[in-house]
Every structure is written in C-alpha cells, then in structure tokens.
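There's a structure below that I have some questions on.
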Amino acid sequence: MNKYVHAHEQKRAELLRNRARMLIACPDQPGIVAAVSRFLFEQGANIVQSDQHSMDPEGGMFFIRVEFDLERLDERVDALRAAFAEVANAFRMDWQLFRASEAKKLAIFVSKEDHCLLELLWQWQAGDLAADIAMVISNHTDMQETVKSFGIPFYHVPVTADTKAEAERRQLELTLGKVDTIILARYMQIVSPKFLEHFPNRIINIHHSFLPAFVGGKPYAQAYNRGVKIIGATAHYVTEELDGGPIIEQDVQRVNHKATIEDLKRIGRHIERIVLARAVSWHLEDRIIVRHNKTVVFD
Amino acid sequence: MNKYVHAHEQKRAELLRNRARMLIACPDQPGIVAAVSRFLFEQGANIVQSDQHSMDPEGGMFFIRVEFDLERLDERVDALRAAFAEVANAFRMDWQLFRASEAKKLAIFVSKEDHCLLELLWQWQAGDLAADIAMVISNHTDMQETVKSFGIPFYHVPVTADTKAEAERRQLELTLGKVDTIILARYMQIVSPKFLEHFPNRIINIHHSFLPAFVGGKPYAQAYNRGVKIIGATAHYVTEELDGGPIIEQDVQRVNHKATIEDLKRIGRHIERIVLARAVSWHLEDRIIVRHNKTVVFD
Amino acid sequence: MNKYVHAHEQKRAELLRNRARMLIACPDQPGIVAAVSRFLFEQGANIVQSDQHSMDPEGGMFFIRVEFDLERLDERVDALRAAFAEVANAFRMDWQLFRASEAKKLAIFVSKEDHCLLELLWQWQAGDLAADIAMVISNHTDMQETVKSFGIPFYHVPVTADTKAEAERRQLELTLGKVDTIILARYMQIVSPKFLEHFPNRIINIHHSFLPAFVGGKPYAQAYNRGVKIIGATAHYVTEELDGGPIIEQDVQRVNHKATIEDLKRIGRHIERIVLARAVSWHLEDRIIVRHNKTVVFD
Amino acid sequence: MNKYVHAHEQKRAELLRNRARMLIACPDQPGIVAAVSRFLFEQGANIVQSDQHSMDPEGGMFFIRVEFDLERLDERVDALRAAFAEVANAFRMDWQLFRASEAKKLAIFVSKEDHCLLELLWQWQAGDLAADIAMVISNHTDMQETVKSFGIPFYHVPVTADTKAEAERRQLELTLGKVDTIILARYMQIVSPKFLEHFPNRIINIHHSFLPAFVGGKPYAQAYNRGVKIIGATAHYVTEELDGGPIIEQDVQRVNHKATIEDLKRIGRHIERIVLARAVSWHLEDRIIVRHNKTVVFD
C-alpha cells in the first residue's frame, strides 16, 4: 500500500469510526420509522442517510436502511444493540447493525480468468472497496503470483470430479470463521448445497449473461447463436438453483452483427468486472436486503 | 377520455385520496427524522415512502421527502398543517405539504414543434401524468387543432419583438392564479425576469443539448460542428440566466459520424420528449427540492 | 397531412427519386465488391453509402448493402435489374434492388394498447417513417377513431378461439397483394404458420421483454418475479417459433426494487415503442438481411 | 507475458500476417469505390471489411477504410504501395496503408493517477490492445515499480514551470523516431505546440468531462457545482486549443444528488479508463480519419 492510499485510508477510517448502519425488515404497520428514528435520537445518534421501502402499504413488508453517527460508538455498540432489541421485538424485526469501520473479510474464489479478480484487487488498492481481502482460493495456480504481489494469501485447492467433496472440505477449513463473504470471480465451479449452507446470502457470483437469459454454460456462445443485439452480465447471491439466486446488479452493452463470439467475450469481460465490483461494494456497505429471492438495494 | 382510462383514473383517485407528501429543507442537526416521524405517527399517519439527504453531516442542509397515508385527510389537512408548524419552527424548516389527490394545474407553452407537447398530452391521456392540463398557449396556431382534439383549451398569443411585453401581460392574465406550473415544451422564446417572478421554480424548460454544453441557439448545429459522439437533452427550472437554471433531468444517446444535423434533430426529439416528460412527472409528484441552483430529486 | 409535412415530403421525394438500394447475400470469395462497384460505375451510378459484412473470410457468407444515385432511375430500373442479373449469377447472389422513392406499404395489426401504434403514426406524420401506411387491422374497435383521425383505413376483424381461421382469411383478403409488410404493434394474438407463409421475414413483432428472457405471456410479471434490475423490449421478425424469430433490435432500461408490475409496464411502454419504431424504420430503409435466424442490420 | 497470452498472440500474429488496412480521404466523385475495389481484386486481395462515408454526395469528401488479406503481403507491400499511387493520384486521395501485423509503438505519459495507465497495461497484457508499448514517461516516480513489473521501460522526466522546455526536449529525445503515438493517460500537463508538431493527430488525451462541457481544470468540481445528472469522459486528439481537439470517443454515467465530488471522481475513473482504452484500440486498428477537427470512426 503506497503512501497516497495510506493517507486516504486513514482519513476514511477516522470518518467511519463512529458510523453504524442498520438493515431492518419487518411486517409493515404504522410507526416503524418513528420508533427507529426516536430510538436513535434518544441515543444521541445523528442520522446521515435513511432509506425505506414498503412492498405494499396494506399488509406487506417494510425495509429500512439507516446510516448514523454516534460518538464513542466502539464503547457503546453492545449497549446499543441490547437497547434496540426491545424496539425490534415490538415490531417483529429482522435486523442487523454493522459498524462501518469493521471491514468485511472476503475470500475470492477464482479459476483461470483474471479480469474480475484484477478489478476487485485494483479497486481495493485504490481504496474504492472497503474490504479486508483475507485470501484468494483457486483451483489453478495461474493467479498465484499476481495475488501475492498484492500481499494477499493465495491458496491452491485443486478440484476434479473425484476430489470435489475433499476440495470443499479444504475450502471450508480455510474460510469458516475467517471470512464473512465469498466472491466467485469467474470461479466456474458449482458450489454444493452443503457448502452454501455455511454462507447464506453471503456468496456472490458473476454470471456472464443477462439473467435469466442464457443460464448455464457458454452464455456468450448462446448469445451469439440467438443473435441478440445487447449482451450483459449479472451479479447474484448463490443459491441451490443454478444461476437462479437473488439478482444484485446487472448491466448490458449494445453489440451488432459484426461481433464474433470472441468479441462478445472481450466486451463481456468489461461488463462482468464492473457489475461484480458494483455488487460487491453494495454488499460491503450493507446496502442489500434479500427477500423472497429478490434484493432490495439501497444505493 | 375513454372508458379504460376512466376506470384507471378512478382507482388511482381512490388510492390517492388519503395520501399526502411533504418536502422539507432545514439546517442539519440530530433529531430531524425522529421529530417528523414521531409527529406523523402521533397523527395516526402511515409512512409509505421516506427519503432523506444530508448535504454534509456537520453543518450542512438536510432534505426530506415523506409520503404518507392518513384517514380522512381532506377533513384533517388544515389541522395537520397547523400542528406541523410547531415542529417546523423548532427546526427552522422550509416545508410544503401536498395532497396527492390535488393534481397540479399546468399550462404548456409551445411554438411550432409538436413532439414535446404530444408526448405530454399522450402520457397524460394514458394516465401516466397526474396533472390537470389547464391550457396550452402558443405564439403560433399550428397546434390548435391537435390540442383541441384532446379537449384542452388553446390560446394563441402571438409574440413579436415589438409586442413581447404585451404578450407576456396576456400570458399572465391567462395563467396567474389559474395554473401552478408552466411547461416550456420547445417554446423557443425567452421569458422575461418579470414573468419569472410569478413562477419561481415552477417553470420547466427543455433545452435540446446536454447542458452546460451548447447553451443558447441551434444546439444541434453546435453539436454537429464540435463532432461530439453523444448528444443529449436537459430539463431545468427556468431562471434569469439563459439555460442556467437548476437541472432536473438529462439523458443522452450515442451518435456517430454518419449523423447529419437533421439526424441529430430527429434523434434528439426522442431524447427531449422523454427527458421533459420525466422531469414534469417528478415535479407533479413533488419529488424535487431546489437549493443553490441544484436539485435534489427523490426518485 | 399539414403543410409543413407536405413541403418536407416533397423535398424528400425529390432527393430520393433517383436513389436505389441493393441488398446482396452470397458465398464469400474475392472480387465481390469489385464486381458490384464496377458494375454500378459503368452504369453511371454514384455510390452514396456502402456496407459489407463477411461472416468468415474463408468459406462463409458475404453481405452487401449499397445505396446509390442514378440519373433517370425510373426509366432505367428494369434495364438495370436485367443487367445486374449477370453479375449476380456469376457470384450466386441472393439480391434485391429497391427504389427509395417507392415507400413500402404497411398494415399495422393492433389490439387494445395504443402506445406502439401511436408512436408509429406519430413518427409517420412527422416524416420520420418513410412508409405508406395502407391500413390498421384490429380485433377490437378501441383504436378506430384515432386511426381514422390520421386518415388511415381501419378494419375491425374480431378474433375468437372459434373464428380464428375465418379471421385470418379476412386479414389475408385485406392485405395480400396490398401490403408489403405487417407490423404487430402489441397485437397479442399468435399468427398461424399458414398466414406467416405469405409474409416471410416481412412480419415484425414487438415483444415486451429482453428476449430470450421471458418468452410468452405476461413478461413484465415474469420480470418482476425474477427481480431483474433491467427490463427491455425486442423487435423481431415473426417465425413459427413463439418469440423465437430473428431479432432486429432490443433496448433496455434500468429499474429498481421500488418498481411495481404497473411501473414496469409503464416504463416498458416507452422502450417498446422506441424499439419497434427503430426496427420498422430499418426495415423500411432496406437495412436488414436475415440469415440463419439472425439479422445483419446495416445501420 | 505468460504462456496463455503468448499462445494467443501467436495465433493472432499468424492471422494478421497477410492483412492490410487502407484509410483514404478524397473529394467525392463517381467511381471511387469501383477503382479501389478493382485495384485490390486485380492484385489478388480479398476484402474482409470495407466501410465508406460520404459527407455530402454533391461536392463533399469521401472516406474509405478497407481491410484486406493478400498472400505474401510482406514481400509485396512495397510494390502494392507503388501501384496504388496511380489510383490515388487519379482521385486526389490522401491515403495510408498499414500492415495489421506491425503493431504501433506507443509511449504512455502519466502523472500520479494510475487508473488509465493500469487499464491500458491490463488490456495490453490480456491481448486486447494490439500495441507495442515502448515506454512509459512520467513527471513523477509513483508508477515506476508498477510499469517495470509489466516489463516496460519507465522514464522519469520531472516537469516544473522552469524546466518545462528542457523536459519536452528530453521527452522528444526519448520518443522521436521510436514511437508512433503518444497516450496522455491523465498526464495533467499541457503539451506545447512545438511538441505537438512532431505528432500531428497522434497524441491522444483523456479529458475527465463530457466535452465541450467543463473544459480545463477540475471538471468534476465544475460538474458538481453545476448539478448535472450525468457525468462523462472524452478521448480526443490533442491540438493547440485546450481540450478542443477532434473527439474520438465519449461515454457517460448517470449520477444523482447524493454524489459528492469524491464520488464523481470515483465514478469518473471507470468512465475515463473505458473511454481511453476504446479510443486507443480504434487508433491502433487504423479506424480513425481526422477531418476539420472531427473524426470519422469506422468501428
């Protein structure tokens, strides 16, 4: 980390030391916003940003993201959580409180293609991704040197049809309790339901098509054959259904008849890395609530 | 208005009868959201949507838009306003409370080009613009029949260099106290400061360029000569500075070297009408706060 | 047609009187462009625009669109066609020669939704669609008055499960030999293979999704349920496979978790009409070659 | 360069060995395309891609880009050039013939910001930029290690108000006769007219705004203060007029009132690097003709 980034990080850390974020989901009813905001006011907190979303005013769900500053947050965060539990119970809230200064710990899973991994490492180095990248795990060694040059631990966990269960055991051993979130940065392997159980809504995949178009393998070849005029990429949380999890972000780019499959791959690489990086940053900043296989993104 | 639209409108009206919207701007300090939401809760209101924006947590401005439902709003709205004045005073708020069921009254000013006018009339007829289009005023008669076919009054107010002051007097006579907002839908005439005084931040213009590029006349010719690769349009509130008022919305489209000035105009027409219609709908739904020649748009 | 449009049309007609367009597809081999351009040069034609596309330099297909001006085209077009047949035979070309001044005759099929129809009528009236709109056919009467106000014949051909074959007979009677191209502007009925036979690659449909995502009915509800972050529309030539024909044009717009199904429909309407109008204008200007269920669009 | 890239490069080199590209500009008249394509046919060349653009059929300019394959191009290229000179003289053509296998030699000028430099290096390493990056020159040493890790020579040429002339002499010494094109990848220094003379239309700059909006310094601060709803970046050839040279490519991204100047810079970085990389790749593939301070881009 060079000096420039270092100073930048320091200033950021200072700014974020007293900042917290809450994500709340509960059945809609009058008084939710009033209760939450009164609670925060009485604690002495200052609301910096607050977003709500009501799925349906009569009998639906209500979602809140609130970002606030509170003096001496580090000393007071446990008491704050305890005190809020009362409000939460009254409204049957699912809720989480995060400190902005506690960067989430990431493991990035990667195969041979480097573009998504490099984009994440690069944005991280530029100070644009507020994460602690704890490790990169790959079934190949191609990325080893690159990853090490960023000062990040690299683990080679080979995967074959025969050794898949063993490989996942090794991956769990490396990640369980050590990382919060796993990013599949073009990992190209299907993760088992058993593995998923350990990271519910905490594994983000980038699929190289505009889902639900072109599920499964070789989406650029599928897109070429169908003759679409726009291609895309989709970042989503991984669930048991292949390419069927809650969509976080999508983007697209116009193509024409001149584009070969190779061109689509090249153009697609740029979309993939932008879309994945955006989804990861929203996850890191606690902007996403998952509900019924869909996401609310407070961006 | 055909039966389909009529049924649609009825359902909408019913839904909106008890809905209100508040726009608030005040100096930032702790407790604003808490005070507003507690007030609404105590009145028995249910918050449907709420957005905030803080320009700067230390000493800046705080902006709120809150949309809520309140039973028997029509009977209670005056008391509600009176009661809120106390909260507002305590926080030195600039604030407005609108009833969603009271459609804003519009006058559309137009010259010879019909595309922006037609888009507004068409969206209005489709039930997408919740306005009461009170009149169309034009310095030409080209649009007269079209406007009348929509059942909207049309006034011809000719403008020449000599008769400009007289024309504005006539326009004021037609609009003052009768319309809330004026839309310049390619009106192509400069409105005098004296006229503007009567409608502060309530006159919306569409400029056919991506401002601040290509201020003034013939922006498509300017764009052609500069060889830009993207053209755009800008909707803004009109102020004394030509094309310098607070920007509400902008959009763009890619063009290439094949495009003639005529092509740019044709492509631009589609951008203009979309951008203007979007800006008008945000204004009608009380989603815009103006501050220091910039807009906060809670979309 | 008002005076403004009339003058516009006259100038356009004059410009286009001597303009012709050729669309050519043939197996790739050296000398194709040379042969075509030499032929045109020797005839005294001036090439205004010329585009080529080679699917694969070794053994693929070659596609050409060439637009040229030739003095006294009306007198000479038959001789020109006869003379070109020799070149065409030598290279085994599929080819067509169109005169720009001969506007294609369109039938627009429509159901109850008006937005796509209105966009086409409007662009046509503005001089942006160089077509002869010969008739509008609908299974309902909702659009009758609107269509007549544009001076275009309207035919009501009701369709029920029982009368479908009879309805198609009536539609064929109206269109066969009288129109070149049929536009399904949200017609919402499946056209039988027997009907399609009469208009190969000459029926354009607008599907209200980003194909191949959300084939079939209620695509906005499908999109809502899947939680996509971008919605789109697709214009394609109709083939026997439902929503499976060659794609001409697609476009998209970003949406978020706030959008209801009604919002998606409203946003989608704007995408649909733009996409359909663009596809129709390319078809009218002979810019599209269909090959293997894909399109080459020389835009 | 790793093995993967190496194999990729070899295949590409093979494919391109016999490929040539011509760029032609001449006064419009009948027979230009015929003459060029007959010449190539008689030489035994096969046209792979051909694009034309006529500025105005009566008395304007005509532009051609033609890409063709010719057996044993290396042995025959000099004879080809000599033979074409006759055709060129007859039509008063400005023309250039490039071999696709001869990668252009680049110097990249950079200051302290790394994002544009990194994007170019990365795309180059991925095989997406067919260039020979001969050197990176910087007025600071921040990028030295990064550049060296790619195996590219790095030269530190400090620039102060006093030493500017001396610095340019040193830059010329390093680049003259050694590089074809200079990329200003956020170099942040104004290049003197005297320096420009040596590289006419061969210096590409990235400006961090949507030109002609926000010429000069601190464009993101300017954009923030004007309250625009879309920001952009522009790649252009450098001329004596500050930020006034022929525009090659532009792109934009939507922003809203929440964005701080820091946010605009961060979002803008992604636009800048994409736009610059696209412009550079078009330049490398001989897709750009400059005329009257505008570009024709045959993409």
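First chain written, first letter: the chains are A, B, C and D, and each begins at residue 1.
Assume a residue touches a chain if its C-beta (ideal position, glycine included) is under 8 Å from a C-beta of that chain, and two chains touch if they have at least 3 such contacts.
Values in this document were obtained by computation on a predicted structure and should not be read as measured data.
A.B. asks: Return the chains common to the contact lists of chain A and chain D.
C.D. replies: B, C
A.B. asks: Return the chain whose centre of C-alpha atoms lies at maximal distance from the corresponding centre of chain C.
C.D. replies: A
A.B. asks: Distance from the CA centroid of chain A to that of chain B, rounded to the nearest Å?
C.D. replies: 37
A.B. asks: Using CA atom averages as chain centres, what separation in Å is found between chain B and chain D?
C.D. replies: 43
A.B. asks: Among the residues of chain C, which ones contact at least 2 other chains?
C.D. replies: Chain C, residues with two or more chain partners: 53.
A.B. asks: Touching residues of chain C toward chain D in the complex: what are they?
C.D. replies: 29-35, 37-38, 40-41, 44-54, 57, 69
A.B. asks: Can you list the chain A residues touching chain C in their complex?
C.D. replies: For this pair, the touching residues of chain A are 53, 210-214, 226-230, 232, 246-252, 256-258, 293-297, 299.
A.B. asks: Quick check: in the complex, which residue numbers of chain A touch chain D?
C.D. replies: 2, 4, 49, 112, 114-115, 118, 122, 126, 128, 142, 149, 266, 269-270, 274
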